[in-house]
Amino acid sequence: MTDGDAGKDLQRRLLSEYYGSLSDEGRNGRKVAYMFVPGNVVELTRCFDMLPVYPEINALQCGIKKMAGDLILRAENLGYSSDVCGYVKNDIGLMLSDRKSPFGVLPKPDLLVCNYSGCNTFVKWFEALAHFYDAELFVLDIPYLREREAAKEDVDYIVAQLEELATVCARISGVPFDRGRLRRTLELSMEAERLWVEALKTAQSHPSPYDAYFEAVFYMAPLNILRGTEGCVEYYRLLLEELRARQKERRGPVPEEKFRVVFEGPPPWPHFRSFWELFKRWGVCGVASTYSKVGGLFDQGILHDPAQPLESIARYAMNCYTNWNLGLRLDLLRRYVKEYEADAVVIHSTKSCRSFSVGQADFREVLVKNDGIPTLMVESDLADPRYYSEAQLKNRIDAFFESLSHRRLLGG
Amino acid sequence: MISAGVDIGAGSTKAVLYDPERGVLGTAAVKTRVDLEASGREALAEAIRRAGLAPSDVRYVATTGYGRYQLPDRDLQITEVTCHARGARFLFPATRCILDIGAQSSRAVRMDDRGHVMRFKMNDRCAAGAGKFLERVARALDIPLEELPAVALRSKDPQPISSICAVLAESEVINHVSQGKPAEDILMGAHLSIADRVLALLRQVGGDGEVTLTGGLARNPAMVHALELRLGRPLNVSADTPLAGALGATLLGQQRLAKRLAGAPA
Amino acid sequence: MAFARESVADTSLSAVRTWKEGHPAGKAIGAFPVYVPTELIQAVGALPVWLFGAGGSIDISHADSRIQSFVCSISRSTLELGLTARLGTLDGFVFPSICDVARNLSGVWSRNFPETFVEFLHLPQNRDSASAVPYAIAEYRRLLNGLSRLTGRPASEADLRAAIESHNANRRAAQDLLAVRRETPWLLDAWESYLLLRAGATMDRDAHTQFLRNAVAAARRRGRKEKDRLRVVLLGAFCEQPPIDLIRAIEEAGCYVLEDDLLLGLRWFREPIPADGDPLRALAEAYVTQSPASSVSHYRGRRKQDDLPASIRAIGATGVVFCTAKFCEPALYDQVLYKERLEAAGIPYVHIEFEEKMSVFETVRTQVETFVESILFE
Amino acid sequence: MNVYVAGADIGSTTAKVVILDGEGKIAATSLGPTGASIVEAAQRRFKEAIEAAKIDEHEVEFVVGTGYGRFKIPFGHTQITEISCHAKGAHYLFPGTRTIVDIGGQDTKAIGADERGEVTDFCMNDKCAAGTGRFLDNAALAVGLSIDEIGPISLKAAKPLRITNVCTVFVESEIMSHMARGEKIEDVLRGVHNAIAIRSIALMRRVGITPEVTFTGGVSRNVGMVQALEGQLGTKVNVSPLSQYVGAIGAALYALERARGAPPTELVAEASG
């Protein structure tokens, strides 16, 4: 039964090709631009043959491969406090161990593009890398989204900076800026994004053919790392086919889908499997998640658009989940509960990521008291394995779904 | 010239008398009472009595520790960090780092080759309460305090306990108990959690070179074992380290006394 | 000094109530640290009120249900003040871009106080870009329009110029006060100058300027003797303010604090802002080109840590006391880069951690005393 | 034939067993420290309860385990979390209960319940405020008193200190410093009780505080804690000598439902144990 193997194999091949391209021979002279996933401008940097490296992706991979603990310790030995973000310390630890990542040695940055969308820590992160690597830093300032539509001044401000960034990339790469190539790349991005939105929507069926949290975080990898490439579009075409097939066979990630849940917040990468198990035992299936929208809120109608190259990049950059103000984030959670017919919301609050966590307690206040949506909030961390206490999490998760099933039994 | 060092600590008060030619003349240790000044006077008088000297023989008194401000007729008060460093240097001349683990707080100190404090770091609030934590774990496991080290050293498979937050560590101890893990493995796990916390401080001040362990937990062999296991090399420990503070105070007192006698500005 | 001490300790902002009695239609606008162009608030006839949390004076029991506990105390205590209606005299709030916690707090604020005027000001972080000044002007105009609607009083160019001049005078008086401390630290303690500056949080600008001028004159007439103390710079307490007793503990442990970044927002610019041309452009250009090195805005051109050693030596300081608030990420990131440069330049430093609600200072005193001893005991 | 059921609440500090008869009347209770071995503590308490009820072990038709050690109870048929049990037990003792606060050894729990004792919402303390129940034992140890003395003594406070810290470990060092500065014991203890009350009430606010409020768990025997809660809340708080057994009572009530044929709603017993 080819349950999703084609998709998995293609993703594995694409990722190994990507990491291969980062090795010394793989690069063959091409320059390297470090960027962040939310609001990144990879379509622009691809025009200059620059290779993208995403420190967050390296950090979460180290988390999954159980390397995060030692790397964070190395950064703390240098003086980083236990109160700062685990992703940053993981990356600083990687730098201190000559960038030996789970996928081989990563290249040094020729340019740090700090697309500062929804996370102030990004600026601090790249100020540190600029210090340690003595590398050039371009802070692409992306204003916080206060109204649903991005204000004209905000978009103009970003577009003006993109033009300046283009001249910096041209200088560093020696490749002149070809706006035609930008449009072709944007077409590939838009196509992949449209397919991804279709794939996401399959979770509206009962049962959902995939877990929109625990599996979506892997399905979104190509869109975060390979956006604007042929392979990326091919992957999402395959993924959509597979999910449609599962929909027909009414097959989902859990044997029997008892609870449809909307997840808010990043997962605890160092304990991903055990955290998923705490929910699987109750027949929980994620039908929507906000973390999978960190790389872009495509399902809210904001796609890249070759007809308005820089404007659509600017608008995309502002519409990443953590760059939305709390009012917009709360409405999105409520819409997801309706559109995907969810039974409850689970908020995973992480100590490292305050841009996600601060305000989640207020969400819970509204969801439970105003909207009557059962909401559980649990705490651990997305990068630092030391903050994950399984017994406490199990106690809270069991109590939550026990009272849900009890209420369901009494027709509550 | 005889100088005295009086270390008025939260638990006990120690006094040491020292003369450059004849070395350490007398030491004393008494339990610290609520009246810190009385404790200081009592320890000093006892040390003088043991050394067979008269109070007037003592030309300089330097105080340190928690109650260093409480002795009115002191010449100078110096913090316990500076004194522990100087005292440990006297006991182990080649030492470059001090690890001091007390009941409430723990700290790491780095010295240059003349025993002078270069850098030091105290545990931040989240990782507080080293000695106290072990007492609570012993109580949760129904183990009397004096048997703590022996039980811990019997452990074959120490249980992981968080080193980042003292409250989280306690909850994890309780979870291990509720999963029926053997007491010695939980206890050694608790020792290793403290070792991790304190060695993180050591690495931040530069942990290479010879390390001397001082403070209350220095007398707990399981703690020494946990530290040596995680550090990967032996530590200097000696029965005299509890006196390191008072020793340092009297030696630094000598330094100040020599300066005063040479007429240099104080 | 007594007046300053009481006004700082009074979390119910009674000073604002008295101001409102004098200005019947007057509105008061709360500004969260670190830097907000309060000239705009003054220009529409409103009173800018700096919010520096509640220190240790109140218990946190409402804020916990809206915000987690692994965040700085100032955001929790400010939210508590709001939720317990102690900020009732304020008619609006302005949150500038400082960090993720402050930015999200503005969202929690507008959700919990829907009728109140709440504005999040995005101060440009890419200050090297030619588009930074026009963007700052657009942001300032957006804020100004909101404030005018709230007070029902548009701000004329003359109002804006008057506000700029009164702020210039206030900053000049603050610089003079700090100069007394820098050149003759034995005449004015750091905790005293802190209190004098902090009193301005709820005062009308010109009243505060006169208040500072009197203090400068009084300080210069003091006959105190110079003590044998270590000259240091205090860094890291730009947003959440340490308890006054902590500043005293640092000084009593044997330090003269020549320079610090306490209440940085009240004295953000060293040079006066030109009041002749277009006022909004003048304010925007000042922010983009003259803002000091700080943890809340990306530095312009050079790297701020490279300038630190020289600036320490320039004022004759020997060491640095990093004094950072618990859970304050921006300060903790910068501290690592600063310490790298200090170590390279052979300048000693010590790092102490504080919380605004701290009441026990033993560990701080021991750490700073040890730091002083390690330098004086050569 | 009279049917009996049992509820066993094995907490991190104390173990409790309650036996109910067919009509849901309490036949017997037993209580003791959990200590290092959960299995022994559960079996000893179960034996004591059976003897007190003067019945035979096989007369107990169904046993529900709850509390931190619930998966290790050898004689338990199934496990239910202490959230559901505390709600059910509190409703049994005070039918008007709508909000329950339980300051346990590991976690502090705030539970919203409806008129039938069903959980409507619940919230447990976040990491920084963990271990509050255990903390009171440590505070007693720190000032050299027994756990039963600190409550009454705290009531004698003239000017209670404000202890503002969230983290229980740091509060302990704050206690030591206040004591060293010569503050009176009762003022320090009152400060500690107030700090815990304020934090527990903050947690209750998350689920909403609707009267009647019932204070359950072992700490509810501490009069100082009851006073502090009522002082900060400004309303009465239900406390009963049986408050300590609320978890076990709730578990026994679920056992009774199950004995009367109610379908299971909780997870099947933990495979790994």
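We just call them A, B, C and D in the order they show up, numbering each chain from 1.
The criterion applied here is as follows: a residue touches a chain if its C-beta (ideal position, glycine included) is under 8 Å from a C-beta of that chain, and two chains touch if they have at least 3 such contacts.
The model shown is predicted, which means the values in this text are computed figures rather than measured ones.
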Where subunit B and subunit C overlap in contact partners, by chain label:
A, D
Suppose chain centres are the mean of their C-alpha atoms. Which chain sits farthest from subunit A?
B
Using mean CA coordinates as chain centres, what's the subunit A-subunit C distance in Å?
35
Based only on mean CA positions, could you tell me how far subunit B sits from subunit D in angstrom?
39
When the C-alpha atoms of subunit C and subunit D are each averaged to a single point, how far apart are the two points in Å?
46
Inter-chain centre distance, subunit A versus subunit B - centres from mean C-alpha coordinates, in Å
48
Would you give the residues of subunit A that are in contact with at least 2 other chains, written as numbers and ranges?
78-79, 81, 83, 349, 351, 361, 365, 379, 387, 389, 391-392
Spell out, as numbers or ranges, the residues of subunit B touching 2 or more other chains.
66, 105, 124-126, 165, 168, 171, 175, 178
Could you list the positions in subunit C whose residues touch two or more of the other chains?
64-65, 68, 70, 326, 362
Can you list the subunit B residues touching subunit C in their complex?
66, 78-82, 105, 116-118, 120-122, 124-125, 252, 255
Okay, in this complex, where on subunit C does subunit B touch?
326, 350-351, 353, 362-363, 366-367, 369-370, 373-374, 377-378
Which bits of subunit A are touching subunit B when the two form their complex?
73, 76-79, 81-83, 384, 386-387, 389, 391-392
Residue positions on subunit A within touch of subunit C in the complex are 78-81, 83-85, 88, 116, 119-121, 123-125, 127-128, 130-131, 138-141, 143-144, 146, 151, 153-154, 156-157, 160-161, 164, 325-327, 329-330, 349, 351, 354-355, 357-362, 365-366, 379
Interface residues, subunit C side, partner subunit D - complex
56, 59-65, 68-70, 357, 359-360, 362
